[in-house]
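Beneath this line is the structure, given in structure tokens, with notes to follow.
By letter and in written order, the chains are A, B, C and D; residue numbering begins at 1 in each of them.
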């Protein structure tokens, strides 16, 4: 009975939302699709506040499925052949200041919209077992999703910033209230570091706004201005600041320490959403804002900034080797993977940029899946200390199998999404000295590839410690059971998405390339 | 002669004001304050603002000083206090007050107030009759000044009444003994 | 048939999905689905082979592909390339897979996770076949990684055993090190030639070499990067350490993955990308020497091992070394032929040892003995395989091994003479340690009577595959009968088949080897059958050598030290740096500084209202003064 | 009528104002401080009315403000005394120095 209820709550809104919207070519939609995508989670938050507590989860699940339907619709509606921004909705807001409500998707944001919806959906299901302050939890959770949904679809920097801040604050409360361990410290650290990053970001936005003389926050216009509006000095000065500002969001070295502490303390779904969606915003914003608006600065700085990202990749992997807490390993792995995303961006090469986008999608899905697994295992074993865990495979074969799959997705095994992203990133980072001339990437390419070995080592070590071998702690064995339907469902869903990307990446890569190929032309990067 | 009156008043005011800030006994302070207020109202009278002089006496001497004396009596132990009346920044306060005094002196000295033949002054002196007839007595002219909408103070005046009321209520609330 | 060849990897993949998603609870059904899919694959492969054989020799390459991902100017495909090399490999893989799956039905019958086991086997077959039919470098890498995953899963199938848990991790990580090179090679190809397609790369490279667009050294560099992958997967020195440990997996898995098919993928890959390897003598030399050295090196270790499966594992290493040596020396056909014959007799050896283990529940050869009385079929088939691997005519090993030694002898690789003698000596050692194994296990008196009493012949579904493989081990060699050379006319590099020497020439060349092999067998019999000499005494006498061999030249210890001390030591330093310097120092330090600065500023908040008032008035005075005067 | 020059009114107000400042800054007792404030307010009023007389030209803004100041001074005195009494009840002292809970 219960699975039937769940499945119908998922399928009905999904199908309804998917069928409700249609292509703009066949007449206007009764509701603007992207605005719906942003507004629905916020509406859900109010609805949850106003309804009895026993409805909370069902409303949330209903909303998440609606969002999933909308996201799949957006995914099918985007025309890769046409490219550019599509499904654009524009409303003047503060005309005097050049601020407008401007949402739309290009290929990259289409993938991000899909990512947000998938992680939201899985996170809602994973949160089913939350028992403390259920209403408040889901209200904040929905608001958070509303914020990131807005950030990924905004084409106006003002709204982009607004939505981003809108997402950070619920995260603070989610970690601070529903977290575990040193949750107040972690929440404060996470929020302060992210806000420090966004301070850089805001100053950069304002600098562009005032320098451009057009006084606009429209990223399309700022991109067009990059050659005429911003001179070399301006670009050289502001690009690294913007990069670091965005980099903090993506946990770039040395601003990464919010990430392990934050994820270590956050409740499962918050870790999923943060690692999967909010963190990806850093790389996304670099591609969306910094590269189009400041291409000369990018060409000037990225060959230097790339060293930070390579440190991220290898250093975080090394640190992950020595962690004693299950979740911290995953957190450092996420830092390492985000480093790969930024590394892909730094290659300034069309495959590298596409790799960064696909890796963003993949990392979002896979990190969410891994955190979901860690949370579920923690819920059963009641400890995350690696010294106490062991031999759980016998007690929870399905979760163990899924964890191996998640580990393999992290390791970058072909057939799962991680491989496509990593492969493209490495492809982009290849430079040959064959035609003469030296490039830092001749050294960095093999160094980065080293990551595939390190990742394998620490993930397999984790699998071995937690699931393989004999049971270490008899208490755990007595209590540990395999996952229930409601726990397996979100993880299996994310695994299916990862498999879809890994087995047939063409539609996804086509989408990302629709955004990246023009960007590379614009920057004058490598083909 | 009349000028001498002003200077006598000024002397009284300054002297009693000095007493207000220096005398140990608070009750005496309050009495000196009352004297200062009387002096100030004398200055008002001297300037020709009879109504305001009356208001000054009524409110300051009649209300505020009495209020202060009530306050002193309610916090009576203080009067017997043999401790210092001044805090430990007397010299600094003198310095600050002196600095303000210097600034004020310089400002007044450098301004053109000392020249009595200011254009506005002469204009007022030559055509006082029309004005005087319009506002035959000070009270009605002041009332017109306060309440005529075109003067722009009507709202403020009404607002002050609300302020007074809320101050009254607020004072009662703040000073009320906590039931617990 | 050929146009449906995409079904060959497709069907096991489907079987995997069906078993995992639906039939996990039904043991027999799961196994049935898996075996059925494999049988279908086998017959499809037969069909493909037949169709290909009917084609004109010059037109025996059929390829078609679908776009997998596309970033102009790149396009990555998944596709199928059917040529003789592929058809040969398809037959080997599907046949051995089928036999091993049938065998597994008996061997794994009591295991709780029977269905899971069959699902992994199906996944393995699918990945292996994907690798085999690949028509481009990316796809071969994808299959490559996937077989690595299956190997990991199957070695760690009994994950609750700590040794298995260690072994599977080790296998995956060591393979990954090789794969790193492979991936770099694939990426270099992609970036330099803007295609991953075998045929197109071949065209571009041939063209580029002739008009000197690319230097041969550059091509050799790519080839050596790819070869890193082969070194990992085919467990060549110095990445050989994972294969012996991989014996922790179920024995049929060892037979399938770690003897017959997956480990041969490295050899197959080198053969597949032979254009790149043969471009420059440098790459060929490296390949030949790595192979030759591994062959000898592993054979010496095998002499001193006690575990039945480990002996076979080192023998596998050694035989893989032969194949790599052959390819490096230019013996393309010989290498592939040895791959084929080796798949048959090595699978048979492993399945035979599995049968022994199944009967005795023990792997130490010194607890066996005299098993021929109890296990007739197993003993007989094992004997066939032992003769085959030792290279006694007319068994399969003789033909392929001799072809290899022949090609090394005629090779142009620097130091080919040394390599030749290394190969010959390896053949001697092979005969010695294989017969040592055979004599100790099957002949003489039982050493452990309790175990011996319980020993029994395995059921038909296990002995059946043994018999089939024994027949193959006997006959497969005849495919390349001297002077006829059916095989070498079918599988060859370039347009001209390598000439097949006539039987007279062959025997004329190979009699010293043959003599040495017989000597090896005799020596082995002297030690372990007739017991003329005492092995223990020999071991005492040459104790340092014995210990060195017994401990596998201490490679495990060395790598263990590298990982534990160097890697984890570095990790400790990084961890310390991250925790103390970055987090406690920089991040919390920033917070600390702000707090202290705030503390300093808060001193101005005295709480005395008259202080504040004083500041106000003093400031008013100062500001007025400054502004006005 | 020979007038007293306006500057003398201003000087008088200035002296009164400065005395008030001293009272506010230097006296310990809160009620004394309050009295200092009253002195300052009166000084301001003297200025208003003097200017209104001499320079007002019939404009009544000066006396109007004086009225406001007087009114608000009364309100202020009431509230301030209430606070003093409340503090006195809490701290058993009417000294300004004793109320320093806002120290940083």
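Convention: contacts are C-beta pairs under 8 Å (C-beta built on N, C-alpha and C of every residue); 3 or more make two chains touch, one makes a residue touch a chain.
It should be emphasised that the depicted structure is a prediction, and the values quoted were computed from it without experimental measurement.
Contact with both subunit B and subunit D is made by C. When chain centres are defined as mean Cα coordinates, C lies farthest from subunit B. Think of the whole protein's Cα atoms as having one middle point; the chain whose own Cα middle lies nearest to it is A.
The pair with more inter-chain C-beta contacts, choosing from B-C and A-C, is A-C. Centre-to-centre separation of subunit A and subunit D, using mean CA positions: 63 Å.
Mean C-alpha position of subunit B lies 102 Å from that of subunit C. Centre-to-centre, using mean CA coordinates, subunit A is 36 Å away from subunit C. Inter-chain spacing, taken between the CA centroids of subunit A and subunit B, is 68 Å. Counting only residues that touch two or more partner chains, subunit A has none.
Residues of subunit C in contact with two or more other chains: 608, 610, 614, 617. For subunit D, the set of residues that touch two or more other chains comprises 21, 25-26, 96-97. Applying the touch criterion to all chain pairs gives A-C, B-C, B-D, C-D. Residues 2-3, 6-7, 10, 13-14, 17-18, 20-21, 26, 29-30, 33, 36-37, 40, 43-44, 46-49, 52, 55-56, 59-60, 63-64, 67-68, 70-72, 74-75, 77-78, 83-87, 89-90, 92-94, 96-98, 100-101, 104-105, 108, 113-114, 116, 118, 120-121, 123-124, 128, 131, 135, 141-142, 144-146, 151, 153, 156, 160, 163-164, 167-168, 170-175, 177 of subunit B are the ones touching subunit D in the complex. The touching residues of subunit B, when paired with subunit C in their complex, are 87, 89, 92-93, 95-97, 99-100, 102-103, 106-107, 110. Residues of subunit A that touch subunit C in their complex: 189, 192-193, 253-254, 256-258, 261, 315, 318-319, 321-323, 350-351, 354, 391, 393-394, 397, 404, 408, 413-415, 419-420, 423-424, 426-427, 430, 432, 434, 445-446, 449-450, 452-453, 456-457, 460-461, 463-464, 467-470, 504-506, 509-510, 513, 516-517, 527. Listing the residues of subunit C that touch subunit B in their complex gives 608, 610-611, 614, 617-618, 620-622, 624-625, 628-629. Looking at the complex, you find that subunit C touches subunit A at residues 67-74, 113, 116, 138, 141-142, 145-146, 149, 152-153, 156, 159-162, 164-166, 168-169, 172-173, 176-177, 179-180, 183-184, 187-188, 190-192, 218, 567-568, 570-572, 574-575, 578, 582-583, 586-587, 591.
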